[in-house]
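Below, chain A partners chain B and then partners chain C, in two separate complexes.
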Partner chain A sequence: MMGHLETDMADAVRTAPATVASVRDLKVHFAAKRGVVHAVDGVSFDIRDGETLGLVGETGCGKSVTGRSFLRLLPVPPGILAGGSVTFRPHALCEDCDGAGCDACGCTGRKAVVCPSCRGQGCATCDGTGAETIDLLKIDTETLRKLRGDRVAMIFQDPGKALNPTLTIGQQVAEVFLQHRTDELIELAGLSPETGGALRRFARQDHRFGDGILLSLPPFRGQRRRIQAALDKMVARALAETQVPNPASLMDRYPHELSGGMRQRVMIAQALACNPDLLIADEPTTALDVTVEARILELIRDLQMRRRSSVLYISHDLSLVRRICDRVAVMYAGRVVEIGPTAEVFRNPRHPYTRGLLAAVPTADTPRGGLAAIKGTVPELVDPPAACRFAGRCRHETEACRRFDPTLEPVSETHAVACFIDHPAPEGDQPSFERITE
Partner chain B sequence: MQLRDYIIRRLIILPFLIIGVSIIVFSLTRIGGSPIGIYLSHEMTPDEVAQIEARFHLDKSLPVQYFYWARGVLQGDFGWSGVSVAPVSEVFPKKLAATMELSVAAGFVAVTLGVWLGTFSGARRNKPADHVTRIVAVSGASMPNFWFAIILLIVFWAELGWAPIGRATADLYAMVPQRTGLYTIDSLLAGNLAAFADALWHLILPAITLGYGATAIIARMMRSSLVEELQQDYVDAARAKGLAERLVLKKHARRNALIPTVTVIGLTFGFLLQGTVAIEIIFRWPGLGKWMADSVLRGDQATLMTYVLFTSVLFLFVNLIVDIVYANLDRRVELGK
Partner chain C sequence: MSAAPDPHPTPASRPDRAVLSLKGVKKHFPIREGAFQRVTGWVRAVDGVSFDIRPGETVGLVGESGCGKSTLGRCVSGLTDVTAGGVYFDLPAEASRLLDNIASGTATDAEKARVAQIEAAHRIDRLQGAGYKRFRRNCQMVFQDSFASLNPRHLVVDIVGRSLRVYKEASGTELTERVVELLEQVGMGRQHLYRYPHQFSGGQRQRISIARALATNPDVIILDEPTSALDVSVQAQILNLLSDLQKQHNLAYLFITHDLSVVRHMADRLVVMYLGKVSEAGVTSDVFDAPHHPYTRALMEAKPDIEGAASEQAQGLDGVVPDPARPPRGCRFHTRCHMATPSCGWEVDDVIRRLEDIPGLFDALSGVERKSDFAASLTFGDAAAAERLVSILDSDGIPAAMRSAMGRLERRDRTVSVAFDEVPDVDLRITEPGRVASCVLSPIEVFQGVNE
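On to the complex of A and B.
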């Protein structure tokens, strides 16, 4: 009877929409002298299991703020979480196939954790999906801390700045394991799972006064060495995954001794060390040479495919997004103005801004990262009026665009746009691609 | 360059620096006139004065005088202290011990309290706790320490009678054998807890007074560099790895914020030594500072030169130590550049 119920539960999870994270009406504001900056102002999108979602847009449009919201890495104050939610569905290793990939887990090797309040039946807390759903903006800091770096990881734009200059590579990568893999560490060291006290604290990066002395005495000294050796092994393994030459010798080096590409590999190793369900990559190649960029992209893609992690790939480089993303969300002035499968958005862009971007992109001699082929500049995000954010730069705008604020509406099953060209304006002149007002 | 090679190189240069310093000390002191005054009395005849001049080579040219002085110094003969009516070399160690005890205690107060306050303040940037700490720090850095000393003395000694003055209660300390000249250490070595408590009791107020200014400077430096470090990407990266805020502060930001603070700590050491002069006079602490003030007033050049030479050499060593600590904290430092 019980077993039957459990199978049902598992079924409910299996058939649930495979969405690892959903952003709903996210609003992040910043208190500034000139007023409240609406850096992110009502952003909604889903990230599906195993997909790479590209987030593109001009500088200052709110991409990084959106990405950092997933880990609540925003300076508050001046930042204000003004509303909305970022929900996340943690996954665990599929016990049917032990990570190898089977039908039950859709070949991903991992399955969503069952919702604890409805046990998979579907309830309000889990949006009827039956999968545990966590609002990353609301959970307490300790729960969030446990997810950070373990289930949700992040790679930063400039690896030169994102590594601590005074700690070795080994020490920095090791921290991920110390925070999230204490039990494995103790097991790998051949110690009893009941190991406690100073030794466990050592394996948890939790140093207490006197521990240093205690752990330098036998028999703890030998055991501490074993934990350290196990830790080194895990770090070397994580580094080896990113195809760095000679990972063991890399561990004793300091960040300034490495090239930019090497440092980003270290960041990637660190981010993927715990096999996260979701990776936020905030322009991970912008600070690198073009040749290095290609190799880093390949590496991220390769590791992601193998682990079936989902990736939110933030970039302002459309050609790059086209190469590596399954779907793409185009941001403009704190809003998502268009979202859909990459191929479709590139073939049939529906938003005038997206069209402008695409017209500006592919030539080899346009400066890398430059999107500014559209006339005009991004509007001030201080207390924006109820109007289309793109009005003022749009070739097709009408009176209606200046009076009403278009919302993101579907144009096909997979593709949505926020523009009155595809959706009727509440009143007034309907803009269209045929009509160009200059 | 290897750290060891660097240290060796610095140590080789050191004697030359010391010779340079000694020439400067000697010349500057001589600008103040002949040192003969302190050896003279009204009853002496010009003949007797000339005799004394000849005895101390004061009738020779300045370079020759320097040579005699430097030779004496190298042989451990620093001259005669007119103020103490004893050879300088005999009095100096006792005075030095008194000052060391005071400034080490003050330095200890300043470094622990300063680093702690700066961290506390910087981690709570722009919150009420930060503002309070900053007010305390600013007043500490801007208030003349003799003034602060007098205030404390009025309150704790004159009014409340809680704090003693001087260095120790004489009859308590008379039973303690002097090994190091540091009363706290000596009484501990002798196992005399009453004397130890007494020595500590005498030490606390002057140490706090002397350390306050330096505490403020260290705290301010620590705060501003911590605030700067906390804005770095690597701090967010550490958070993104799942480190608790406490660990982010302890393992990442604070350690890096200490790097610029170490330089300031080295500099405040000089601040402390200068401060001892006023503090020792006010608290009647029988150390170098008070000795040196008396010597200035009475024109006791032998004592004065010894003091200045000693502090200069001390500074050279402190600088070297700061550089080494700095290089150890920050691996990016290119030694010898």
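On to the complex of A and C.
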């Protein structure tokens, strides 16, 4: 009976869709003086296990807001989470093979955590997948705190701003371990797992009045030092993974003493310290030189491969996304207008905006002054009308585009686009790539 | 060539001249320390750069951040004084040759006398009165951050019309009409006249900056990262606009950028800078087809491509740009070069640059006695530490090229003596007609990638 149940559970988890996170109809609005700005207005996509999904778009298209909503890092107010969900399925080491890779986990060594309410049978909370499914927008802040930096981590654009200038590198990276790896830390320090009181609070970064004096007294002093030494060891290991030279000396330095590339490595070390299932990288190389950028990308890619983390890579740089992403989602004015495998989207873009973006990048063959610029500017997102968001800038628009709002529909098994060129318009003229309307 | 120019001569109509000519431009910033702000060293931001900008052409200036390209832009436009060398405006070819002769020490006395005259008439920091005004009118600048470079308290009509008013070219209604004309040239219109900069998008603000630069009908515009803060679709609009304006007005551009695909699209000729010096210069397409300097090659390989095969072979460079206050000897790039040879200028400081990150290696160092940049004795607290350094210097821990450049490495008790072969600094040399590069390797060797 027991055995039967276990096989059932394994089956259920194995058939679960290999998505690490799903965004469904996400809407994030901002209250402004002129009205409500629909910064993200119905965005849906999946991030599959182990893939790198690129989220590209221009300034103000809502890509960063989407990324930040995973960790609820949006200022509310003025931000309004107007609807939708961001679900996340945490993964754990496969207990059958202990990370070596077996049939049960599809040779990845990792398995989705079994849903606690139905024990893998499939229920309403887990969409019938049997895998634990957490709605990141609904859970309480305490649970979110446990996930942040542990299961879902983020790398920010400007490491100069994201690092605390008053703390040393060692102190900042250590925070991740103090918040999420208290037990491991106590074990590494050679203390008993039952250690409690002030020492555990020390290893959890939870200071109480009097702890300082208590921990400076003889029996505790030595143990505290052992925890500190264990912490330093973990931090040095995390930093060493990002190929920084001499991690031990780096730990005593402050962010301003480091170059941009070094700071970004520290951020990566921080983000990947706990082996997150999902890494949100928000333009991690925009502030860096091209030679350093190549190195950082290589590093992210390498570490991701080894840990099999999934990455949401937010960028405005198409050529970069093309180089490192498996799939790409193109955003425009708060919507995903096209999503598909990178090679396919770049070879055969189906949305006029994607085509426009690709044509706007200067290449070796473009005659000078002959760049195909997209006319006009991004529309204001205050109470947008029911119309294609790209209407008004599109070279192929018809009356239908101005009256109806296209939804994201598949054009092939893997590739979806929100445009009437590939899907029948409800009424009126059908736009097409052949017909250019100015 | 008289010292008093006619009222509105345009160098653009005379192709035998350089609109701007840089001759050995250096800009060093003092490092001050202590209570009395004593100068303790110099940051060599720009360290001897020479090139010409001819009428109607675009010269692209590329390099990593901190290589001195923006400082050079400010020197060229006269916003910063140069430490040495000179920037010459509207320089005839004959005068240019004369100045080169002086620099190489082959000039006659008569020629030396002529130079003073030329400098007074063309060197931008010696120009006075009408000559200086003429330079100012004809050399304009567009900055990267359009928000910071437009006065937030001024209306567009004031910003764009300012120079017309200063040069007393127009006033009242005529001024407004001229401003409208300028705005229309950059794709904007009358409705934008009475707005403030914050009411515009980044692309529109950059258009206003360009309109302001065009107001005095210049010969040359220095564009310092004009599209770096813009999105790709807006960037395309601005680049198209710049190309159109260039054709209409026969403008010369100095296009400073770190974006190689933009510079490939825009520039006729390319100047690649590294650590204050030119590492390579030539016609853009030639440089892209076959770089003659390993640094240029590394830059191009690191650049992600939108077309062609999506490769993940981007190499990137190790290490950081060395301190410009104490740039490396020989070739400045040798500390990060994949193709470095023994004759690239390895020096004592490279021992520190290479090995400073090894934990504890230099903890016991008690004294350094420098004989020259290429030879020194390092004294340690104990013999074991000295022996450790010797063993690392004699192993694969350092590049093979560096090891073979080491003429002497010996330990006497607690003292390690190192001496490298002395080599002269690597200067720019002509590698092909119209191409210069500062590399000890031949173009073929750079192409093949020796020592990689």
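Simple rule for what comes next: the second predicted complex is superposed on the first by the 428 of 438 C-alpha atoms of A that agree within 3 Å, B and C clash if a C-alpha of one lies under 4 Å from a C-alpha of the other, contacts with A are read in each partner's own complex, and residues count from 1 in each chain.
To be clear about the criterion, a residue touches a chain if its C-beta (ideal position, glycine included) is under 8 Å from a C-beta of that chain, and two chains touch if they have at least 3 such contacts.
Everything quoted here is computed from the prediction, not taken from an experiment.
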Fit-or-clash call for chain B and chain C when the two complexes are aligned on chain A: fit
First (chain B), second (chain C), both or neither touched by A:Phe156: first
Touched partner set for A:Arg145, first chain B, second chain C, both or neither: first
C-alpha centroid angle, chain C to chain B via chain A, nearest 10°: 70
First (chain B), second (chain C), both or neither touched by A:His256: first
Partner contacting more residues of chain A (chain B vs chain C): C
Chain B versus chain C as contact partner of A:Leu357, first or second or both or neither: second
Touching partner for A:Ala343 - first (chain B), second (chain C), both, neither: second
First (chain B), second (chain C), both or neither touched by A:Gln179: first
First, second, both or neither for A:Glu58, with chain B first and chain C second: second
Touched partner set for A:Thr166, first chain B, second chain C, both or neither: first
Minimum C-alpha spacing, chains overlaid - chain B and chain C, in Å: 6
Of all residues in chain A, those that touch chain B in their complex: 68, 71, 73, 141-142, 145-150, 153-154, 156, 158, 161-167, 175-176, 179-180, 205, 254, 256, 267, 270-271
Chain A-facing residues of chain C, complex: 64-65, 201-204, 231-237, 239-240, 243-244, 247, 258, 260-262, 264-266, 288, 298-299, 301-307, 310-312, 314-318, 320, 357-359
Of all residues in chain A, those that touch chain C in their complex: 58-59, 245-246, 248-249, 259-262, 289-295, 297-298, 301, 316-320, 322-324, 342-343, 346, 356-364, 366, 368-374, 377
Touching residues on chain B, where the partner in the complex is chain A: 232-234, 236-245, 247, 251-252, 255-256, 259, 329-332
